[in-house]
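Each of the two complexes below includes subunit A, the first together with subunit B, the second together with subunit C.
Moving on to the complex of A and B:
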């Protein structure tokens, strides 16, 4: 926080405006900003308005009834809790898997690292529908893993298919590339010199990680966390195909409320609640980006 | 590097979707084409494109017909809304025939005169229709499918396969973990299994449920009995109460030998057997005390269609013996016409599986009540909380 305010005052002097390039810049950004306003900002406010103002016989009136219904409905709350739980578990697993991977990719110089990188990025090119069906065939009941275990005379696995762990496994696999890429990018800020200096001073790997590397990639970790939370919170295909019938994650729940229960206002309410939660993590991301920029000036 | 990539990707996607939005406008302007809208799976649109349309050339060599995929039921409802909005004006609704739609899905459309009354058109069509399949004069049922129980014949002998609801319940409890049905909103095989439970809880009388008699009170009176029956089954289902997320997934679990029995659509299971997904000797059985529900896909034609006469010709052709026989052989479905109007050889071959009556369950408001009721009362399970 102190960083932010001190560099903020330092910036006040020379802006782009003073040398006449402001207008061109504004024109250049106007198209994407207009698009953002039209396709994202406007629908958000439209959605919020639709949930707050209900049509009645005498016209529209302010009403919080859908929110009241949502937060007093045990079924809906169970769905929200499941979504939060899956998101938290996925984020923790992703960091646990991707941080070692990113550290390896950042510091390894061998040719094997290239292969590992290729493998780590592979999930990026697999559409989630394909992944969902592939997972049913592998870790699903009597799937590939069971066949191997059976051939070795071992008992079958307790299949995660149709339990909350099904989508968790799929979502973690699906999000490995982006998480790894962002962490590797963050680790790029850690200079080899600092690491070598610490090593020369006799730092053990754990101390190196704790005192040299982690403090420098805190920002990247925050970005990673907000990105994964945003994408997992809104996941649809994997929970739809691999998850249990109940509780549902918010994505399938919203879709079902909209097209099956045919209650668009409730579906929009669920969406508003979902993006209110996501907005908190979005704010983290924006704040960390802003902080980064300020630091660079 | 990533941010550049995603920004470029976003621009590409944005312009592509803008182009996609603009495309139908150019393509579907009044160009003399008869527009057939379908919301069904690709096997159905393929059947139209590769079987029905080439054959239609012999009836009307000059007709130009285009099959448009509306995606799903919601897509078709949007098209019907457009036709409804165009009614009474000169605007062309740009749709001439719905491949599978029911007039009740667009509120007030029957009273407004949106749909062609097939009883009054003078085309030889409605008389051929199987009386068991008829619903209104405004729709032509042209293909049907029914839900059956499919089972692994290596584990269940044909004579032990359940033939009544009670036998089936007993079988499920005697073989815990060996039965699964899919969530009722994710596919009709599980959906109609749930509806069969509703029939069971209400005296096995399909007449008790009609499109018109839905009310929240009546649903609250008739549905809880079914939830009780289904909750009673849950502990003996796969994983103590898991439900697959679609027709295909149920078939997949049967194919992988995970479960021994599951409800399936007749056409889908016949195709799965033909493609080798399921073994040749997969057992199929229908409950004899009251069959599992089926459904018919119904052709509707808007009265304000620009090419209404050709659309009616096409509808009549679809109900011809030629096409109806191919619905059995190529689609694995049931014909929409009475069995007297299909090829005699086929009639004999399928004598055993021809259902005398196919119970149906009305859609409309019942769908939402049943599906959401199931999610709230059955899906969470008693033990799983």
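Moving on to the complex of A and C:
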């Protein structure tokens, strides 16, 4: 008797419980979705709409004039190319620096690895403004390096400050920690046993990297690449402080168009173009994550 | 033809000795099992033979040639790992073919050898599958095929079947034994399952704390363990502490005669060496009867508070609480870790009845 009644309430409670959980889940999800819509989706479409409809005497009319102006303006295109070029160089340099670092951190069994890891993560905690200032003080004109060279009676360095290499040095340094962390995480998927089995089969370090390690972290590399491209493409502080005045990178360019040229519609157009390029890499990122999920299933 | 010699091997991690001083000869075509509790250094020994760890002391010889400092990629050894060692971005055939490709063999020859290796482990036609489409047992077979296809002089296996269920483990064990016999390949097999070692090995090496405790054939290891540790580790064993006085043990149920100096000893008796008889006045009572189908295992509470296990034929009938008498057919006497004597007792007729 007691048995029956207790099982009955148990079942009813179970349904109510699962209903409640569904509702809570919806509520939990609805907050970020609403925020996403309000703060990201809406501004995107709003911005795109603003670039597509030009104000006229009678109201607004569809017009692609700002896009026309952007793509016919040699200076704007030079800025876009510079940004793309800096991004590509940064991504290549980051991979070249961080992959060996990540391989070392993942496979070295010495205690030095801990110290190296600490050093590699250090830039993450340095604000870009301070980093920019420090770079000016060391490799800028009459900076620390010049002082040392001067004391040794050597000529000054050709300072990268205010050339495209200024922001490249800063951006690479700034992005080393995150890139390294992501690569180390990707390398975590390569088991020690898999690597040892490859060595057992006769693979030397180069073959090991090419045939065993790289194919297994392809996805992680794609994620890393799209991530760094996204963050470097939209970087502002370092290009603004360290970069050349002309051509300039998209971040400072947008800011100047907005507040000094006072052409907000043009600034938004520049932003939409930047966004479109970033969206391509974002799509790569999302696709590789989705692929990852599928493979794991 | 390959013979393996380990000479006074020593290995320490962070200043702790993991392997103390280990010497071992493995004959051509022999299958030797390294057996021991967790942390006894079995994997470390195997990894040193494979070249994945460098010994701090001693030498490793394969066919008389010193390979102590040779890296794994140049050693004539093939290793099978416990798990997660297949390359998931390659097909089954790709996994097996990898080492052959590195050696620059022509394509047709590679295909032929891969086919043979897969057939050897019973996976014909599985070449194009992805490794994650295989079951755990099939994956381990691929790992074995991958090690064998390179025709290593020494095959090394580190608990290759540990992550598989009992039935599969037994089947793969037998298959491995057949393959190993057929190829006559010298094999070192690490396990912490004593049944696996007893079933597979030509010789068993019991490791304990980085030192060899005993080397013997499975038969000798089981029937004539040289130390108390081996006696307790291989198979199940009843240990009964008591004192020797004037050549007779003072245990109330087992008065064993042996020419042993007086002092504390432990009587070691296998469950199958015990015979149970219904009796009165012995103080020993049946605690529980477990039916294993082929035999019964009877737990008996002793009057001194101890408990022992006795194996009985499945036809025997015992009830919990029933009073019984016990007879031991074969007893080993240990003092500390050392064996003092072994006594085979003539079966007396049931006098207690």
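Methods note: the second predicted complex is superposed on the first by the 267 of 297 C-alpha atoms of A that agree within 3 Å, B and C clash if a C-alpha of one lies under 4 Å from a C-alpha of the other, contacts with A are read in each partner's own complex, and residues count from 1 in each chain.
FYI, a residue touches a chain if its C-beta (ideal position, glycine included) is under 8 Å from a C-beta of that chain, and two chains touch if they have at least 3 such contacts.
None of these values were measured; they are calculated from a predicted model.
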Clash or fit, subunit B versus subunit C on superposed subunit A: fit
First (subunit B), second (subunit C), both or neither touched by A:35: first
Partner chain(s) touched by A:206 [first = subunit B, second = subunit C, both, neither]: neither
Chain touching more of subunit A, residue-wise (subunit B, subunit C): B
Subunit B versus subunit C as contact partner of A:262, first or second or both or neither: first
Partner chain(s) touched by A:27 [first = subunit B, second = subunit C, both, neither]: neither
Touching partner for A:152 - first (subunit B), second (subunit C), both, neither: neither
Nearest Cα pair across subunit B and subunit C, whole Å: 23
Subunit C-contacting residues of subunit A that also contact subunit B: none
Subunit A to subunit B touching residues, read off their complex: 35, 75, 78, 136, 140-143, 162-163, 178, 181-182, 185, 240-248, 256, 259-263
Interfacial residue positions of subunit B with respect to subunit A in the complex: 2, 14, 74, 183, 185, 238-239, 242-246, 249, 252-253, 256-258, 367-368, 371-372, 375-376, 379-381
Touch list for subunit C against partner subunit A, complex: 50-52, 71-75, 77-79, 81-89, 98-99, 102-103, 143, 146-147, 150
Complex interface listing, subunit A residues touching subunit C: 191, 193-194, 196-204, 207, 211-212, 215-216
